[in-house]
Amino acid sequence: MIPDRLVAGYKSFLGDRFSRERQRYEVLAESGQNPEILIIGCCDSRVSPEVIFDAGPGEIFVVRNVANIVPPYETNGQFHGTSAALEFAVEALKVRHIVVMGHASCGGIRSFAQKSAPLSSGDFIGKWMSIIAPAADTLDDPGDNPSDNYMMRLNLAAIEQSLANLMTFGSVRRRVSAGELQLHGAYFGVATGLLLVRDPETGRFAPLAEDVGTPPSLLRCD
Amino acid sequence: MIPDRLVAGYKSFLGDRFSRERQRYEVLAESGQNPEILIIGCCDSRVSPEVIFDAGPGEIFVVRNVANIVPPYETNGQFHGTSAALEFAVEALKVRHIVVMGHASCGGIRSFAQKSAPLSSGDFIGKWMSIIAPAADTLDDPGDNPSDNYMMRLNLAAIEQSLANLMTFGSVRRRVSAGELQLHGAYFGVATGLLLVRDPETGRFAPLAEDVGTPPSLLRCD
Amino acid sequence: MIPDRLVAGYKSFLGDRFSRERQRYEVLAESGQNPEILIIGCCDSRVSPEVIFDAGPGEIFVVRNVANIVPPYETNGQFHGTSAALEFAVEALKVRHIVVMGHASCGGIRSFAQKSAPLSSGDFIGKWMSIIAPAADTLDDPGDNPSDNYMMRLNLAAIEQSLANLMTFGSVRRRVSAGELQLHGAYFGVATGLLLVRDPETGRFAPLAEDVGTPPSLLRCD
Amino acid sequence: MIPDRLVAGYKSFLGDRFSRERQRYEVLAESGQNPEILIIGCCDSRVSPEVIFDAGPGEIFVVRNVANIVPPYETNGQFHGTSAALEFAVEALKVRHIVVMGHASCGGIRSFAQKSAPLSSGDFIGKWMSIIAPAADTLDDPGDNPSDNYMMRLNLAAIEQSLANLMTFGSVRRRVSAGELQLHGAYFGVATGLLLVRDPETGRFAPLAEDVGTPPSLLRCD
């Protein structure tokens, strides 16, 4: 049977949050969803977009794959889950913001940086993570034992890669040109709670800290 | 800049939930994640797994794609995001439960049932949703104007398809045989909050309602 | 035997241009090439980059393929001629400018716009031109009989696509960020000789006409 | 902005060559191109086919890739730029001659002969140059430090390979059999200006020297 933890969690949701927001759920079921934001996040159990942005039902359309990657537009191959979600969000829902959100201690990024052995004969992780190879090309070679600092920089470079890949989709490019869509990068520090946000002018990531009065101790990004 | 809604939501998270759970985040950053549950859910903005199961950081590894689909194991083609996440969850994290969770009013399911026109020349949604074609083959032809009831049945059939596709992965099959991994199906009614759970014996979906004292009015699954 | 036209042309080259520039050829053979510019142009017989820019030996590294296309960075598949040339130009030659140059009456663009039947069972042109499908997505549907104006707009949109695809290469992105590399778009009007150049700020193409005192009659871009 | 060198070169073209040949450009724009010759040349900045053969607009359809390579006919994989150009030239333009033209000091050939390290993680050059591996198999192993002479012989062998690969395209084979298409090999000595041309009977390359009265000193092919 479904694990007890989920049964208990669902009871809690039903008695608490669903009770309070029930009308909202009913309206959303009636009218359909109409989110303005697409977040492409990681599957990691510590980085739920709805939690980190305290979002309610209907607010964020969420793709979660390993290491929050957007592949480039390509039509060979058959099944492109992330491209499908992107197409749906942009063309059908007409979202106005796309946020690619990475996070510290990402297992996918580490696997790539450490050139980990395949996990199965399919080597799905190896193939999937190869999408960020050109991001690694923008950094110096880390040698055999990549540091945490290198992995953070690789993570930010991979977000840049995904933002560049987003622009290979004609629908994205058209809406960005028309001012109807903005692309953003963000990076969540699990230990510190600190969120780095990409400056669209300079491409640099800086903490959203001042804005939120984060105490100095949070400024370390693990 | 990053939308105000996200800035405000992040502030709220930082001041409230992160403050309360800070130690847990720090421990999780130190020790790494160790979730026991993988949920494969839909990108839809109304069905966050962490919300529906009131889950905290570290509890659920989450894949979200359009219509919560697991493709079959296949190695031709290059990038398989969902298979990569599955491989990581099963082989690296050794999760003990996989839940495929559908929901009412799923845009991907509707797009397939209504044979919608491609959203772009890439037709990513069309190709992606074609994975559930064999699920549709298990149902009668709905004609040109599929009913809501048909779409719910198609959704449940698609969950069956994904559960069968999961079993095409050797690592999944091996762990299921060894009793180390259980596969589950679930379906969330957005309007009612009702959760249907699949009975692994009979394959039928039934409300978790009695368990949670859901009032009769919730028994309608929209 | 090699066609007479080439024999005669080569004699002419040897007696005229090679005689005059012989020292330059000798120096270039000794020192190796060191061009600062990569032009990605079309195979079309009317649009030689060396002719249009009156370039001498050693000045321009030239890729010519059908419709002057840059594919996105991708590593599946085996042989990527254009990506190979790009890698060589950027990483080995360290060019400082990349110009994607389209032209009027491009057969590849027309073939795509008119959804022409495959030329052979391999359908190499069809597959190759499919790279610009997302560019077509940025324009309105031209219907069954696309106008010349539509084909020009598709051509400019395809140049945008190639510029976006260039940015999916890590080496390109890194050098652009560092100010070591600039990307340009251009479009040559065969009948008029007019060259449109892309404004990097606005993304709009405008004639280089004022700069060169082009008479008004040249302002029509066929 | 577009580099000054190109602006100046374009002005020169417009004032000189375009002025003189304007009618030809207009006619070509009106009637479309109708070249009889396809040249497959190298991207190298020192070997423009239009310069070496003193060709005017409309005379030569030109593919330029690294090391003037024709891949064999193959349909798996998606984007084949050179095969697409070949298909277009043979099937749509019905060219009567195809010239594969190599040149001295080719960086692609050298990279292959010296087993150079990948230039980026994509290793596009390495993959692309692997097409000539069977050509290298026709020569003795050059050891770790291949001589210039070896590299010239490898270059000629690679041209043979490309001519053989051309014959793997059914459309080429058919037209060659019907006497409608001829295949040629050529090799340009950058330092000397000397052009070696392949004898279709013997397969040997010999200078076009007598024909053009090249002085003996040019007979060295660097």
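Just so it is clear, A, B, C and D label the chains in written order, and each chain counts residues from 1 on its own.
Basically, contacts are C-beta pairs under 8 Å (C-beta built on N, C-alpha and C of every residue); 3 or more make two chains touch, one makes a residue touch a chain.
Not measured: the values here are computed from a predicted model.
Asker: Quick check for the class: compute each chain's Cα centroid; which one is farthest from the centroid of chain D?
Answerer: With centres defined by C-alpha atoms, farthest from chain D sits B.
Asker: For copies chain A and chain C, work out whether under half or over half of the interface numbers are shared, and give different or same accordingly.
Answerer: Over half of the interface numbering overlaps between copies: same.
Asker: In whole angstrom, how far does the Cα centroid of chain B sit from the Cα centroid of chain D?
Answerer: 54
Asker: Hey, how far is the Cα centre of chain A from the one of chain C, in Å?
Answerer: The mean C-alpha positions of chain A and chain C differ by 35 Å.
Asker: Cα centroid separation between chain A and chain D, in whole Å?
Answerer: Using C-alpha averages as centres, the distance is 46 Å.
Asker: List the centre-to-centre spacing of chain A and chain B in whole Å, with centres computed as mean CA coordinates.
Answerer: 17
Asker: Which chain A residues touch at least two other chains?
Answerer: 73-77, 130, 133-134, 136-137, 169-171
Asker: Thinking of each chain as a vertex joined to the chains it touches, would you call that graph a line, ring, star, complete, or other?
Answerer: Basically it's none of the tidy shapes, so other.
Asker: Strictly by the criterion at the top, what is the full list of touching chain pairs?
Answerer: Applying the touch criterion to every chain pair yields A-B, A-C, A-D, B-C, C-D.
Asker: Mind pulling up the chain D residues that touch chain C in the complex?
Answerer: Result: residues 1-3, 5-7, 9-18, 22, 25-26, 28-30, 32-33, 35-37, 43-55, 57-66, 69, 71, 73, 75, 77-89, 91-92, 96-97, 99, 104-105, 107-108, 119-122, 124-125, 127-131, 169-171, 184, 186, 189-191, 193, 195, 197, 200, 208, 211-212, 214, 222 of chain D touch chain C.
Asker: Please output the residues of chain D touching chain A within their complex, sorted ascending.
Answerer: Within the complex, chain D contacts chain A at residues 77-79, 120-122.
Asker: What does chain A use to touch chain C in their complex?
Answerer: 72-77, 130, 133-138, 157, 160-161, 164-165, 167-171, 173-174, 177, 203
Asker: Can you check the complex and tell me which residues of chain A touch chain D?
Answerer: It comes out as residues 74-76, 133-134, 136-137.
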